[in-house]
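You will see two complexes here that share chain A, one where it goes with chain B and one where it goes with chain C.
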Partner chain A sequence: MFFQIAIDGLLTGMVYALVASGLSLIWGVMDVLNFAHGEFLMLGMYVSYWLGFLMNLDPLISWIASGVFCFLLGVLTYKLIIQHTLSGPSLSALLATFGLSMMLKNIALNRFSPNFRILTGTLLDGKRIFLGNIVLPLPQLITSIFALVVVFIIYYIIKRTRLGWAIQATAMDKSAAELMGINTEKIFLLVFGLGGLCVGIAGGLLPSYLAVHPEVGGLFSLIAFVCVAMGGFGSIPGALLAALLIGLVEALSGFYIAPVFKYVAVFGLYLLIVMVRPKGLFGW
Partner chain B sequence: MKYGCFVILLFQIIKSCINIFFSLKELFYLSYLILPISTVTILNYYLISANFKLKTEGGVRKYYKSFYLSLENILIFLRRKTEVNFCKKISVIVLTVLLAVTVASGAAFAQEKVIKIGTLFPLTGSVALAGTRCKAAVEAAVEVINNAHPEIQVPLAGQEGILDGYKIVLVHADHQGKADIAKAEAERLFNQEKVYSIIGCYNSACTAPASLVAEREGKIFMCGCSSSAALTERGLEYFFRMAPTDQTESLEFCEVMEWMNEAKGANVQTIGIIYENTEFGKHAADEGKAAAAAAGFEVVADVPFSPGATNMNSEVQTLKAKNPDVVFGACLGGDYTLWVRTMKQMDWLPKMCLNYCTGYQDPVITQQLGDDANYFMGGTGYAPEFAELMPAVAAVEKIYEDMVDVPFDSDSIQEAVAVLILAQAIEKAGTLDYDAVRDTLYANEWDSPLSMGGKVAFVPGGQNSKAMSMITQLQGGEYKRVYPVDLATDEVVFPMIPWNER
Partner chain C sequence: MIKEDRKKQDLFWYVLVAILILIPFIPRVAANSFTQHVFILILLYASMSQAWNIIGGYCGQVSFGHSVFFGIGAYGAGMAIVKYGIVPWPGIVIGSLIATVVAVAISYPCFKLKGHYFAIATFAIVEIFNRLFMVWYWLNGALGLDYPMLKVGWKNFVWYKTKIPYYYGALILFVIIFGIVRFIERNRFGYYLKAVREDQETAEAVGINSAFIKLAAMALSAFLASFCGAFFVQYNFRVEPPMVMSLHVSMLFVLVTILGGVGTFFGPLLGAMILIPLQEYTRVYWGGLGSGVDLILFGFLIILIMVRQPKGIMGLINEFQNYRNRKRRRIISTEAEIN
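Right after this comes the complex of A and B.
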């Protein structure tokens, strides 16, 4: 039973990692906390749901559309809102994203109603892999593998490509990066878009096993914030490790202590880690 | 136009103050007294401040004129032909007309016979779907009461309004599923909106504090579907609840288990309870445990969870590890779908699954879950399949369906019953006096074609002693009546069909 619980926890953790990596990227480069991250996820899920419902597109395909949609949403958010707040006090960008989150959630409530929408009859629906006594639900497994791959691609881009170096340079010293000829405006735009892309891909795959409704992003974004803070602001490996840790703690404490304590354990662990390492596991 | 803005602002402040300190009826008389005086005084202030060289005194007192002097000033101003800018003159006339119209409309509103009733439901948040439906159910019932619908076989449907022409006007509020907001909104509804009564709140956790506000105010609180038994055990005088409680349902569940053992040889002995960690869930679980103990069944798994979670893996794994024969479920809305789908992913089902007043009864969730929703069971106060038992529902349901595109469910229909019973009580009492209406509510047995059993009567504490529900099982996406036996239409499918055989 222990292995079953641990695997469940790791699968959940990988999805948290994908949601958190976008958030971490934006924070690391721009020092902006995107409070609307959960709502980006929710809209990504709606895109996937509607494509599945109206055009019979499986989440295994429609994640591309969700990713592109959230990428554009991120770009637009930067262009229309964040860009104008960056010159003001640091709180204004944060409050602007908070306002955006309220707006997006209420638009979804108004347009899509509070109905819980479920995609049934998807390719992976109800499929499982049995490894002895261990059951691996295929929708979660595929989503988690996707999440892991996307996180690694993002990490690769940041660490191994010229674009990634430009992003890192901008994150370290914006003025110096500009003097080196880097167009930091474009970098910011791209980073916000990439943040949206990560959460959009997660949102595109989640409807294969989760119900879609306007409030669905709330707890995901809260846990993503904890992952980012626990892993160290701006560190993608940190966010990944923290997300896996959170998934494991959530599953094990939920089973061995009591399900109602699982979030107590998660947030307790977070408090413990920031007390010992205030900058998070990989923070600098 | 800054003076114009100032005048309108001041007028609104006066109106709000009157609203806060006086009731609707007093406002009606006061509006005739205060508003003309304030209109004249404000206009006078406007003229003097605009420096039109009218009759003034020195110092601060120059703005505080007697009513007569103020009126004189205005007349002097209007007679002048040369010194005053034409536009300014027009602006004064427009302001006068505006104020006069507002006074007139205020008076007209006061003259119209209305009873304001507040609705307090979760219109946003994780159970917004249920809240929106409850609100629509109340609106449907009010439509039946306010306008003549001779074709509808429900008390008061044939006439227009109550108490010789009083119409009900609804004021909606949203508590977001949060107890503190429910309390604050109840206070706002009573003190600022001046509602006569509140219908709500769906979540038991919100109904508890909101109904205490009503009790303190000595005003009536009508609760449709909040099912925590504790709500009617507080000894409140002005609180009335229509739906059966979790206690009733728990006893019914154990009765079904005993019947299954005797009649079907089911041999079900152990129970697991999964419930959200809220007022509703905890009370449902307590009642479930008490009923199980009384009936001699063993509770082997006690699984509370935080509502709105991202996953329910550990909850389902805990149930799976304990493997109870029967599971009692108290999971609302999205949590219900998550729970059912997680059980499918974990490839586990109990032999029988009985649900309280939860996502199980939601026809949209059932439709969305498709085949996965089948073979679950639960207490049901109303489902479209009950049409033959409750023939009067169809006509009211049509009005409701026009609003939300789904038929009534067990919860929303109780909110419609709450309004209809309150309106009947006011009509019978012949007055809006709270104590008289409360006493009338207690003293009578009410015809309620929208309730199963057709009657509503209250016992001290406010519980509807005639509240009933039936045990249904979802088969082929329809709520089939399986217990009590004399009202059953179908055989219960036992044990639940495993996921891989569906």
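Right after this comes the complex of A and C.
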């Protein structure tokens, strides 16, 4: 039983990792907390859901559409909102994204009603793998592995490509990066887009087993914040580790203590960790 | 020059309080209880945001956890009336003491964190408290506390037919909290706060015990916040965890302060004067349909304000004053040239 729950927790943790790595990128490069991150996820889920519902596209394909959608959403958010708030105190960017999250959530409520919606009859629906006495539902498994792969790709881009080096340079010192001929405006734009892409892909895959509703993003964005802060400033491996840990703690405490206390345990763990390491696990 | 500015500010403050005392006598306000409701909320949120401003603005520690203290204050008054059937006052006092103790206990470890790390830790604290209060049987859990019918008057701090006494209650709260902040602003403590905000290391180098200053500011801020919570529940006759202890509530206090001007004396009032009517009137005109149109508009307006004026309204006013001063100086210098 313990292993079953632990594996379920880890699978959830991998999805958290993808959501958190998008946030981590934005935070690491721009020092902006994107409050609307969960709402991007929610809209990505709706894109995938409607494609599946109206056009019979499987989430295994429609993640591309929701990824592109959220990339554009991120770019637009940067162009229309974040760019203008960077001159003020760092709080104003956060509050502007808070306004955005409120707006997006209620637009979804207005357009799609508060009903919980779930995609049925997808390719993987109801299929599962048995490993001894452990059951692995295929939709969760594929989504989580996919999420993990995307996290690794993002990490590879940051560490090994010229674009990634430019992003790192911008994160370290904006004006020095500009002197080296890096167009930091463009980097910011791209980073916001990439952050959107991450949640978009996660959102595209999730509707195969998680119900979509306008409030779905709230919890995800809170957990993503905690992952990023627990992992350390802009560190993707840190966010990954923290996300796995959070998934594990959430599942285990939900089973062994009580379901109502699972998030108390998650946030309590976070507070304990930052008390010991004030800049997160991988922070410096 | 500074002294002159202060005298002007003093005069402005007294005139403002006098105007606020006279507002219920305006016939249009006296006849319309919704207008009174908006004025009450403006005063309440201005006071609450000023309480936040002590730690968030003057001391520079941006906390999103103030809904916890607001909620504890609300539950203090609520428990006294609903569970124990007595007047709210002892509950308010106990609630405020508990809020202060909780604030110190939480903040002592959290003040090690900086910037966004501190902000996220306070998010986590709000969520923890929210979930604990939701299942806490003694506090009626998610059902919340519902007020029974009570005897009207200042003893119970409850009125049903009129809102005017509530207005004066909120005004008393407003004058006390703004008065305390005004006192602090000119006091040694206020300068310590600003020193810690500007540069903690330098402040420590000149002999300020920054950890103590931050804790003291947080304790004071939470203490005052709990009174606002108590007022809220007395006005609302009902309290449940999501109503007082959620991120949304915390955000509203921060928004009001940032919008008005963070770390300024009149900022919270200006912010509340704009944000609260916006919230209430959009709710009244578009909220009844249950379609979220009011919140779409509200969110859009928040974005608009943050994009157009990231430094708040006080930033705008300061710019205007600088512009005027420069003009005046130019006139003086040209006069000198002529002579």
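We take it that the second predicted complex is superposed on the first by the 284 of 284 C-alpha atoms of A that agree within 3 Å, B and C clash if a C-alpha of one lies under 4 Å from a C-alpha of the other, contacts with A are read in each partner's own complex, and residues count from 1 in each chain.
Throughout what follows, a residue touches a chain if its C-beta (ideal position, glycine included) is under 8 Å from a C-beta of that chain, and two chains touch if they have at least 3 such contacts.
Remember, predicted model here, so these are calculated numbers, not experimental data.
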Looking at the overlay, does A:92 come into contact with chain B only (first), chain C only (second), both, or neither? second
Report for A:207: first if it touches chain B alone, second if chain C alone, otherwise both or neither. neither
What is the contact status of A:263 with respect to chain B (first) and chain C (second): first, second, both, or neither? both
After lining up the shared chain so the two structures overlap, which partner does A:4 touch, if you call chain B first and chain C second: first, second, both or neither? first
State whether A:237 touches chain B only (first), chain C only (second), both chains, or neither. neither
Examine A:109 and indicate which partner it touches, taking first as chain B and second as chain C; both and neither are also allowed. both
After superposition on chain A, the chain A residues reached by both chain B and chain C are 106, 109, 260, 263
Residue positions on chain B within touch of chain A in the complex are 124-126, 128-129, 131-132, 277, 303-306, 308-315, 317-318, 321, 333-334, 337-338, 341, 344-347, 364-365, 368-372, 499
Show which residues of chain A lie in contact with chain C when the two form their complex. 27, 31, 33, 80-81, 84-85, 87-96, 98-107, 109-110, 222, 225-226, 228-229, 260-261, 263-264, 267-268, 270-271, 274-275, 278-280
Of all residues in chain C, which touch chain A in the complex? 62, 109-110, 112-117, 119-121, 123-125, 127-128, 131-132, 134-135, 247, 251, 254-255, 258, 262, 291-293, 295-296, 298-303, 306-308, 310-311
Complex contacts: residues of chain A adjacent to chain B: 1, 4-5, 8-9, 12, 106, 109, 113-118, 120-121, 126, 128, 135, 137, 139-140, 209-211, 213-216, 218-220, 223, 250-251, 253-255, 258-260, 262-263
